[in-house]
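One structure coming up, written as structure tokens, with questions to follow.
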Amino acid sequence: MKIALTSDNIAGASDSVLEAMMAASKGDAMPYGNDEATAEVTTMLSELFECDLDVFLVSTGTAANVLSVSAMTPPWGSVLCHTESHLMNDESTAPEFYTGGARFVGIEGADAKMDPVLLKKVVSQKVGDVHSCQPSAVSLSQVTEVGSVYSLDEIRALTDVAKSAGLPVHMDGARFANALVALGCSPAEMTWKAGVDIVSFGATKNGTMASEAIVVFNKALSKELGFRRKRGGHLHSKMRLLSSQMIAYLTDDLWRKNATHANAMMALLQEGLKSVPGVVINTPAQANMLFCTLPAGMAEHLQAEGFAFYGGRWEEGVVRLVTSFRTPAEGIDAFVASARRFADSV
Amino acid sequence: MKIALTSDNIAGASDSVLEAMMAASKGDAMPYGNDEATAEVTTMLSELFECDLDVFLVSTGTAANVLSVSAMTPPWGSVLCHTESHLMNDESTAPEFYTGGARFVGIEGADAKMDPVLLKKVVSQKVGDVHSCQPSAVSLSQVTEVGSVYSLDEIRALTDVAKSAGLPVHMDGARFANALVALGCSPAEMTWKAGVDIVSFGATKNGTMASEAIVVFNKALSKELGFRRKRGGHLHSKMRLLSSQMIAYLTDDLWRKNATHANAMMALLQEGLKSVPGVVINTPAQANMLFCTLPAGMAEHLQAEGFAFYGGRWEEGVVRLVTSFRTPAEGIDAFVASARRFADSV
Amino acid sequence: MKIALTSDNIAGASDSVLEAMMAASKGDAMPYGNDEATAEVTTMLSELFECDLDVFLVSTGTAANVLSVSAMTPPWGSVLCHTESHLMNDESTAPEFYTGGARFVGIEGADAKMDPVLLKKVVSQKVGDVHSCQPSAVSLSQVTEVGSVYSLDEIRALTDVAKSAGLPVHMDGARFANALVALGCSPAEMTWKAGVDIVSFGATKNGTMASEAIVVFNKALSKELGFRRKRGGHLHSKMRLLSSQMIAYLTDDLWRKNATHANAMMALLQEGLKSVPGVVINTPAQANMLFCTLPAGMAEHLQAEGFAFYGGRWEEGVVRLVTSFRTPAEGIDAFVASARRFADSV
Amino acid sequence: MKIALTSDNIAGASDSVLEAMMAASKGDAMPYGNDEATAEVTTMLSELFECDLDVFLVSTGTAANVLSVSAMTPPWGSVLCHTESHLMNDESTAPEFYTGGARFVGIEGADAKMDPVLLKKVVSQKVGDVHSCQPSAVSLSQVTEVGSVYSLDEIRALTDVAKSAGLPVHMDGARFANALVALGCSPAEMTWKAGVDIVSFGATKNGTMASEAIVVFNKALSKELGFRRKRGGHLHSKMRLLSSQMIAYLTDDLWRKNATHANAMMALLQEGLKSVPGVVINTPAQANMLFCTLPAGMAEHLQAEGFAFYGGRWEEGVVRLVTSFRTPAEGIDAFVASARRFADSV
């Protein structure tokens, strides 16, 4: 059984999400989010996060991220995030565009997690100096770009630094559910209880077709977002398309079940690869993404056998493997078996 | 039978569109438009428009419009459009945002159609003068904001003025199908053969949930659009959600059937209202939207009886009535009958 | 004696301004406004305006205007100003650029003065509606673009409307001194006492080479301006060049003497032209600028005789005449005499 | 004799520059650069650089830099410059503002000079990938931020890399004259003959009060600059203020004499400090700026004796010393003598 581990965005949507989209099409509904389903999303997220909050649905993760940070920084500010973050590497200049030309400053740290000591140096740098961009917000990715997961203590270490300097904190939660399942904590614990002001609550990679929620805990930041979403062209007229997906995603813990499956498949994969001679785990996968180094020829062998994944973009031999809510265990077994066959043959 | 004539964006999607979305969810697909369905959309639109073209799918009409014009003007340019156009009145400052701060200059003209004589005055105004914004593009809406439709000659009169000044032309086709059905011409005739360089080919108001195509005939303008779409946050990862809707919309002439129905319902409505004492048709509806003036008390009567529509935003007594691909003929009959009852009773 | 009445920006600077620039060059001075001269400017303006205030010096009037309004509106806001204002007609798209893409909405009114009744309609239009730009600031020009001057009551009528809607008010005072002399009131009366929050206090047209002060009465608006000035590239390193000019301009009432002269020359000119057969005064000049209509051939005659002024840009026969602090009375006499000769000869 | 070595922007202007400003104030002159003096500047620069070129005068170095690069990159592009460059560290977010949100990517290299090998890696990175900013321009600083000077071969090594990737090259010449004197070559050799397309030809730090020339060799890049300068608010009405300074600066080799003096003073200073026990030269000064490390207590001693300079911003003990066209040799001697006294006393 040949599987693709290219990304979790190559899978479609869960059945219940599709059914919800079908059902949502019936009858008339007021446009632009003035419908009942959209109100229902806010109620459900409020229950999930155990607090009062504001929600802005959009259809892409980039929109969720850049709208969120745009509400946190003036155009002469800087947003501090990891050097390897999605925001700084994979969203073109959307961050600059939406913030009116703020600067995105990379903070280093092992496993694509910002080092709080380095962050501390930057948050108070040249504050008040008109010649320098002014530290204005912190954005962290949970899961990170290399598949690691911040522990609650690690999140708190960063938000403490941010708060001590008066900066709001954004969490890029494109793989929010995968991180949560990995930590085994509650959504509240991983966000506002840990000092997060806004989270990009991603669903598209974990079971919907296109639905992301900007969830705002610090409601002082909400006021602008309605205007910013509209002028970004991200206010859907038939909002029920987005809200129906999100409702299904939140119903009966679908989000958790999907992430649990994806993470389990990754655990299976990682466990299997560890026992394959020559394979090196670069960053131990805690969620559903793994960077590892394959011995010479193994990547080509696997691809020739029909398995798909990204390689050739990083150091020699490094490949990225991503599982999703739809990855079959048989596929993982087949992948590991193929890798083993190659290792045994050389 | 109580119906809502509030807008054509209150309806859901056609059955075949929903089925296509369901089917599209199966299996893996490469993200960001690198899938077969997205390539298929280009092929189908190329056949529809009888020419080579580039396509950029997005999920909102605002995104389609502002991305299109952003490829046509420098930040110190002006985009000329009707004073009552959607671009100038209903898209927040998205036009300024996406163009990096260009200016949108309103041109007057009866029935929300730009007057070519007035346009001619402006296209050559202060060209080369650094103190003044430089006329850079023309954008016309087909169907217009008041429900009128430009004839082919009227389109050509405007594009001739634009071309003589070297300006590209954008068509806001949020109700493209409704206009085309009204004119009874071919898509090619209403666009590139008439001098249009880019059209926002709208589908959301006429049968899809969220799918709009930026169709570029003048391919010199395409190069930037891929970058602009991404930095606007409008590049969907699971693009097949958008492409599957568009394919269904283009299959078996669904777009034409839906628009034909919507227009027919409007014709029925207009015919009926003409015979109701006291009702004044403001702009004769050629497509699926009508502005008319109701005698005092009639709007309240209709709303009390359960009919929904917009009023109270314009001159005293003026209401806007919009039919869609899903408006039932019985609903139209009921609406007219209710209006007549009121008229007879006063 | 042939004179140019093209504009008041064609004259150089007053002698004391030049001497101050010379003197300011001596010795070392801390850069970027951290010098004593710049502090002195704030003290002097504070005395002139009889209140506490913040000052930001820049070298062009466009910079003063657009920085001022940029501190008053979010990018999704609208700034309301007269349709014929400099801001909307002569500053390219600098207004959009500096505000991050806000919209500039023209308000009509006789003599290039906004009509408060029309303004009142717009300030509360679609407030809170994300689809529409949000009324955010009002900007009025004193002297206006056609040479008229708002009375204190007229200013108050506009600021009352603005304040009732919670909007801050900017005054484009490119010809501030000329207006003040015309009204015979105090600087405080024409600004903060009349409800103005920020004034572009122009000096370049009235005796300096390049020095304009953004004077902020509402200090809540000051915080951003230091950052905005720097990122606009308008923070001079050798700030003393700007501050020395402004100090000289404010010393011994130079600003008032210069404006008094310019206005007197205009009064002389207007009085003279009134008695020339065929000349029509379009807007009675209250300060130093006049729009009038000359009989056929007179403009060409004057230009052939060596007088310079702008014509051919407005209605048939309309010309603009501007006097400055350096316009000689003999030149005015000669201009009127030449006009009279022409009138007598036809 | 106590001197300040804080920066070269603390000095005023050369006498002939001041005299030229005085003289330029006489008579009328057409505004906005349509005067004879401004045309003369272009002629003089054309002769200096031995080629046809376009000139745009502005009054700040930040404006010169950010306008220049804004003509070279689309908003989704990246501009490659040294990590320690002025553009990336001292101009707030003006670079992002003027480019409409492009990204500024730091390239490392010893002595604040970009390493061509590292540059080569970046120029072709992810070209055509819409998710990544597109390498679009290279900007190098001559003199660099640490006082080093690129040799002609070093410039050529960078421009070769840029050209091979099709990227235009900007030179930040805030201290152009100091670099040129250091190299002993011609202006042409250091710019267009070495592959530079636009240079910010700085004069403010070397003898004028406020006058910088954007000099464009690659005239295809000029077309936009007139519009960009105006919308940035940088088009002076009384342009003769800027042009008169530049003419004086270019007359009788004033620029070269001033830079020769500043560099000679630095050579004297460096020679002197080398012989002071405990003083470490960090980067050998080639022009008029020096970074050196003073032994503990020496900086405080010098400052207590009345000498001024920047310290405390970098590594322990590091100070920056800058000489100017007006720095007196006696002051340098006094500075070195004071340092020696301190060294001898400990």
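Here the chain labels run A, B, C and D in written order, and each chain numbers its own residues starting at 1.
Here is the rule we use: a contact is a pair of C-beta atoms (placed from the backbone, for glycine too) under 8 Å apart; a residue touches a chain by one contact, two chains touch by 3 or more.
The chain list, named the UniProt way, goes like this: A, B, C, D = L-threonine aldolase.
All of these numbers come straight from a predicted model, not from anything done at the bench.
Of the two chain pairs examined here, C-D and A-D, the one linked by more C-beta pairs in contact is C-D. Chain centres were defined as the mean of their Cα atoms; on that basis the chain farthest from chain A turns out to be C. The centroid of the Cα atoms in chain C and the matching centroid in chain D are 35 Å apart. Rounded to a whole number, the gap between the C-alpha centres of chain A and chain C is 52 angstrom. If each chain is reduced to the centroid of its CA atoms, chain A and chain D end up 43 Å from each other. In chain D, the residues touching two or more other chains are 75-76, 91-93, 97, 100-101, 130-131, 227, 230-231, 235.
In terms of inter-chain touching, the protein chains here all touch one another pairwise. Chain C contributes residues 32, 74-76, 100-101, 130-131, 134, 224, 226-231, 235 to its touches with chain A in the complex. For chain B in complex with chain A, the residues that touch the partner chain are 4, 6-7, 9-13, 18, 21-22, 24-31, 58-63, 66-67, 91-94, 97-98, 204-205, 209-210, 227, 230-238, 240-241.
Against chain C, in their complex, chain B makes its touches with residues 75-77, 89-93, 96-97, 100-104, 130-133.
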